[in-house]
Amino acid sequence: MGTGQTWTVGVTGATGYAGGEVCRLLAGHPDLRLAGVHANSSAGRRLGELQPHLLPFADLEVRPSDAASLAGYDVVVLALPHGESAAIAAQLPADTLVIDCGADHRLNDPAAWARWYGGEHAGSWPYGLPELPGQREKLADARRIAVPGCYPTSVTLALAPALAAGLVEPEVVVVAASGTSGAGKSAKPHLLGSEVMGSVSAYGVGGVHRHTPEMIQNLSQAAGTPVSVSFTPTLVPMSRGILATCSAKLRPDADADSARAAYAKAYADEPFVQLLPEGQWPTTAQVLGANTVALQVAVDADAGRLVVVAAVDNLTKGTAGGALQCANLALGLPETTGLPVVGVAP
Amino acid sequence: MGTGQTWTVGVTGATGYAGGEVCRLLAGHPDLRLAGVHANSSAGRRLGELQPHLLPFADLEVRPSDAASLAGYDVVVLALPHGESAAIAAQLPADTLVIDCGADHRLNDPAAWARWYGGEHAGSWPYGLPELPGQREKLADARRIAVPGCYPTSVTLALAPALAAGLVEPEVVVVAASGTSGAGKSAKPHLLGSEVMGSVSAYGVGGVHRHTPEMIQNLSQAAGTPVSVSFTPTLVPMSRGILATCSAKLRPDADADSARAAYAKAYADEPFVQLLPEGQWPTTAQVLGANTVALQVAVDADAGRLVVVAAVDNLTKGTAGGALQCANLALGLPETTGLPVVGVAP
Amino acid sequence: MGTGQTWTVGVTGATGYAGGEVCRLLAGHPDLRLAGVHANSSAGRRLGELQPHLLPFADLEVRPSDAASLAGYDVVVLALPHGESAAIAAQLPADTLVIDCGADHRLNDPAAWARWYGGEHAGSWPYGLPELPGQREKLADARRIAVPGCYPTSVTLALAPALAAGLVEPEVVVVAASGTSGAGKSAKPHLLGSEVMGSVSAYGVGGVHRHTPEMIQNLSQAAGTPVSVSFTPTLVPMSRGILATCSAKLRPDADADSARAAYAKAYADEPFVQLLPEGQWPTTAQVLGANTVALQVAVDADAGRLVVVAAVDNLTKGTAGGALQCANLALGLPETTGLPVVGVAP
Amino acid sequence: MGTGQTWTVGVTGATGYAGGEVCRLLAGHPDLRLAGVHANSSAGRRLGELQPHLLPFADLEVRPSDAASLAGYDVVVLALPHGESAAIAAQLPADTLVIDCGADHRLNDPAAWARWYGGEHAGSWPYGLPELPGQREKLADARRIAVPGCYPTSVTLALAPALAAGLVEPEVVVVAASGTSGAGKSAKPHLLGSEVMGSVSAYGVGGVHRHTPEMIQNLSQAAGTPVSVSFTPTLVPMSRGILATCSAKLRPDADADSARAAYAKAYADEPFVQLLPEGQWPTTAQVLGANTVALQVAVDADAGRLVVVAAVDNLTKGTAGGALQCANLALGLPETTGLPVVGVAP
């Protein structure tokens, strides 16, 4: 429907996977109009050469990725490698809505930034996960928003309700399977199709993945107490999708019923979080290309643990869809405007 | 935008892949409203159990698939196995728009029907490929439409311009790679993931695939002379998509330039046919979930053949998207209403 | 090399994935000769129709799967669904080497059998995991051997050294990714290629997978104390392979060095266990078709957990290769005879 | 069994896919011993870092790839990019068996070399496809052998019998699906897993693939007359395997029976060519990791064409296995020594 008004959007990193997904979603958004695409290394080329699926935008010329080139848009989406967005963002007008899909403005703690990313901390922006309690309000009228990482989106939504309700101990174990697009579009040998097809591998084992502090931050806030996170990402043979298997020791007074009730309550009114009926388990296919999180909870009575499994599309709800969901909120649009909830399955 | 009016749609075969795709696309269509889902074998169950990706329709109860149950919709989409739609369609009111995604009403020649499918021919309906010359007009105001098969969609669009322009001899060779969803959702051993992943196989070799007569019909019509089609389908390890590699002997007066010109002219105004810039070749990923056909043409001077490669999503432009494109035309809506043109890549 | 003697082998379940893998490995074994293939449902057919890859055995006729038909072999391998092997095994001569790839004789505790599989317990046989301390000796000259399940093989080898050395608390969390062949060859809708390609899903969540008691049995034996196991299997888009991500809380006196030392010591002389150099992480591709387990260990200092990742081919080391490794031991052959250690990569 | 004698083998390009496959097969060869691995860019590193699946050779140090470093082996296998092997080969002793897996010595016609590869022609060596009539004899005692390309292996074996028997016109159309390993291990964006999974694409359309002249050479020799080849390769989402769909117009006096008879006769005694029983079609999975070619033939009576489908593993029979098959012949070993014929399926 739309409100009659249209906002122009500039996307930098538009030749990569996250930026390309922003463009794809903009093609279906009634109130936001992709007005320019930016990327330093391929400036001057037609977008269609680099992103052949973006048919309506094929003839856009890629422009440079500096603040001057990005001036004049109502909305700027930064889909850049970590550490590159802060400097650009600092030069954009205060009333431009700037949405950072990178990590630069996600962490509240400068020490955590220094440890995990190095260099000076750019400061934190309102965190773009509207499903967290109280967060939606902070995003309305915000002009700077830090979109969560793809793993933290799935893990936070999977575990926050249980921690907030005090159902589990604040020591969580997460093993997440990710499609390869999460690793980006630069050509590295271990990401070749020949290497990843027919193979699952672990990486970043031992808590060394840079998304870990973001999970700790979110989950500790939900729990009201420091939470330890043992996080192991694995790479699986698919392009898109994250399946996060999360567990924690159940507290004595908690059980399957109280767990389910906590999740049902937390997400009762959330348009993008789907708590599946009992007995049905999430698949990444069901949310492919959609802004949906599919969740299921179970209690392992023998082991005394709560197990929560969450599926997201790392590029959609995990990045670009989350970004536009936040843009909708910040611009006063209905939160769901232009965002698909139906996955492209099978 | 929409016209203000909304039409109700009933889909039968809604628990299968083609019917599910119709439902997925209806979720994004502003003027058509999915009002009921039908399928005999799972009548009584929630759609969400069988099609978990169809989140907005999860609570619809699957109803039986007979004419009585299908009464009352403005539009009925039949996504049924070949041979099952004719009897149902015959009982639906004449002013209901009935769109058949099966083969029952595609062939003009009763003898061809008898040979390839067996039994009595149900008669032919306007053929739902608006990109064929003169066809768009026949679909406006039609109330019965036969949607093409997925292979014929790609092959016809790939070869019709060259045959119509007399650039090639009327003997064509087609080898098409198809994802597994084209084979449907019933569980057969050779379609198990364990069998298809990491493997390509041929099937229906020697011209025995039932889509062959439909290609012959379309291409002969385009050429104005009988065309022979050597068609070999292969099964490749992906869920969706067809890549059709089509070739024919170039006539003496034709060359790369005249070939390219013929395609550029044929598809200049087609919203869903994308003739790629020279040097760029179609991938099925670029049209995944989209109603787009991506095409490229080349001349092999040494072998003296024109080679045309076409990529479609077998479930979208190849079936469900094509069906809704026709519904748009028949209902007087803009042809592109509610149909995505951007593929979900990567 | 060989010893000059040749043993005849009969395989039942030869038309399935596990039995087919036994046949594949026998094709490369110098001292064991596949003498007959058995399977009830397809008795009378040529093996080549059902297992086209088993070229040297294509003309073998599949025979029934009862004790009478299985008489006369030196070695019988039973690759049957759980609950079907005990009755057959009971009728085979005591001096026939019988190797059961099913669960019937794996569990020591009749109560555990009754709870997880139901019905009467058939008793336990020597457990076919030679890498467990003292186990190799029990397999020499055994005439009945119970081959471990594919998940227990990977998880037991991943965690036993740490538990035996007292490095971790006896509460372990395992999330394992499995290829689809682990679910067998019977055609079920959720195992269709269309469903599994491009998708990861969880199943058996909450400790309900039947392999859990076997892991508990093995790990408790290693630890000398009851161990709780939280086990979540996931299905990933590949045909073969398991990647098990296993973790447990590190005890105060343990660290990365002591952990690594424990694994190096435990597997120093094991021909099929490969502790990878530091910094290198297992992939399932590297062990595809091989009898090798690839392992790596790490300590997550922040979370205070030991993380061990193990990759196996579920059909080779996880079933059929493990079976022939045990046969080698039982027959007095060098343990590695005829077993590939190099994976088919990429 | 072996002859008692052992030959040492040096492999250059051992860190790539073709060279790695040579090493994998050598691990199972009783008479050939991998004595050294070579590759310029990674000289000095452990092989295990680069080829983790090659467990028995993990501790070999990669040495440079020049003639001096390659001196002293009984056999040298060159698995190098096109144009790099001739110079090295020229410096190796005449009595060293040199097997070139690259293109440098495959083409007989210097003009064809100049047109397709550029630069000066290094001359042609005995062509390593023993299944061609009279070719086996030329390889016995050869000390220089040019191994065919992967596409020419499959296409030549698929079409040579029909052309030699005069069953078809000398104008053939080939569409081949290839796994990604055929494109090598250097990281290019279009070969990323994210790009190739879920996608099929065409490339080298219009007869521009460098393997075309090799097919023309082989098929023309078989036909005794110049043969035109229209060749379109496609890239499919799997690591290994080629499925070549080949067709040509049937001559008036030929039919399905005479076609089948020609193939049955041509390959009656070939240990590595499997003409499948009627009605069964090749899959690449059935030959994965094996030196086998699976073939089937059909006649499309309506279109008047013979269709032959061949499946090979591009790295095994298509390169490394073919190389060792030739080495066996040249060294006087039984041709099948050490070469698997059973594919790793599923």
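We call the chains A, B, C and D, going by the order they appear; numbering starts again at 1 in every chain.
Criterion: contacts are C-beta pairs under 8 Å (C-beta built on N, C-alpha and C of every residue); 3 or more make two chains touch, one makes a residue touch a chain.
Just so we're on the same page, UniProt names per chain: A, B, C, D = N-acetyl-gamma-glutamyl-phosphate reductase.
Model, not experiment: these values are computed from the prediction.
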Set of chains adjacent to chain A and to chain D: B, C
Higher-contact pair (C-beta pairs counted), C-D versus A-C: A-C
Centroid comparison with chain C (C-alpha atoms), farthest chain: B
Euclidean distance of C-alpha centroids - chain A vs chain C, Å: 38
Contacts with 2+ other chains: residues of chain D: 17, 181, 185, 192, 194-195, 197-198, 237-240, 283, 285-286, 288, 345-346
Partner chain B, residues of chain C touching it in the complex: 17, 179-181, 183, 185-189, 191-198, 237-239
Residues of chain C touching chain A in the complex: 171, 173, 175, 177, 192, 194-195, 197-203, 205-207, 212, 228-232, 234, 236-241, 243, 245, 247, 281-286, 288, 296, 298-305, 307, 309, 311, 345-346
Touching residues (chain side chain A, partner chain B) in the complex: 17, 20, 24, 27-28, 46, 48-49, 51-56, 181, 185, 197-198, 239-240, 274, 276-277, 280, 283, 285-290, 292, 294, 340-346
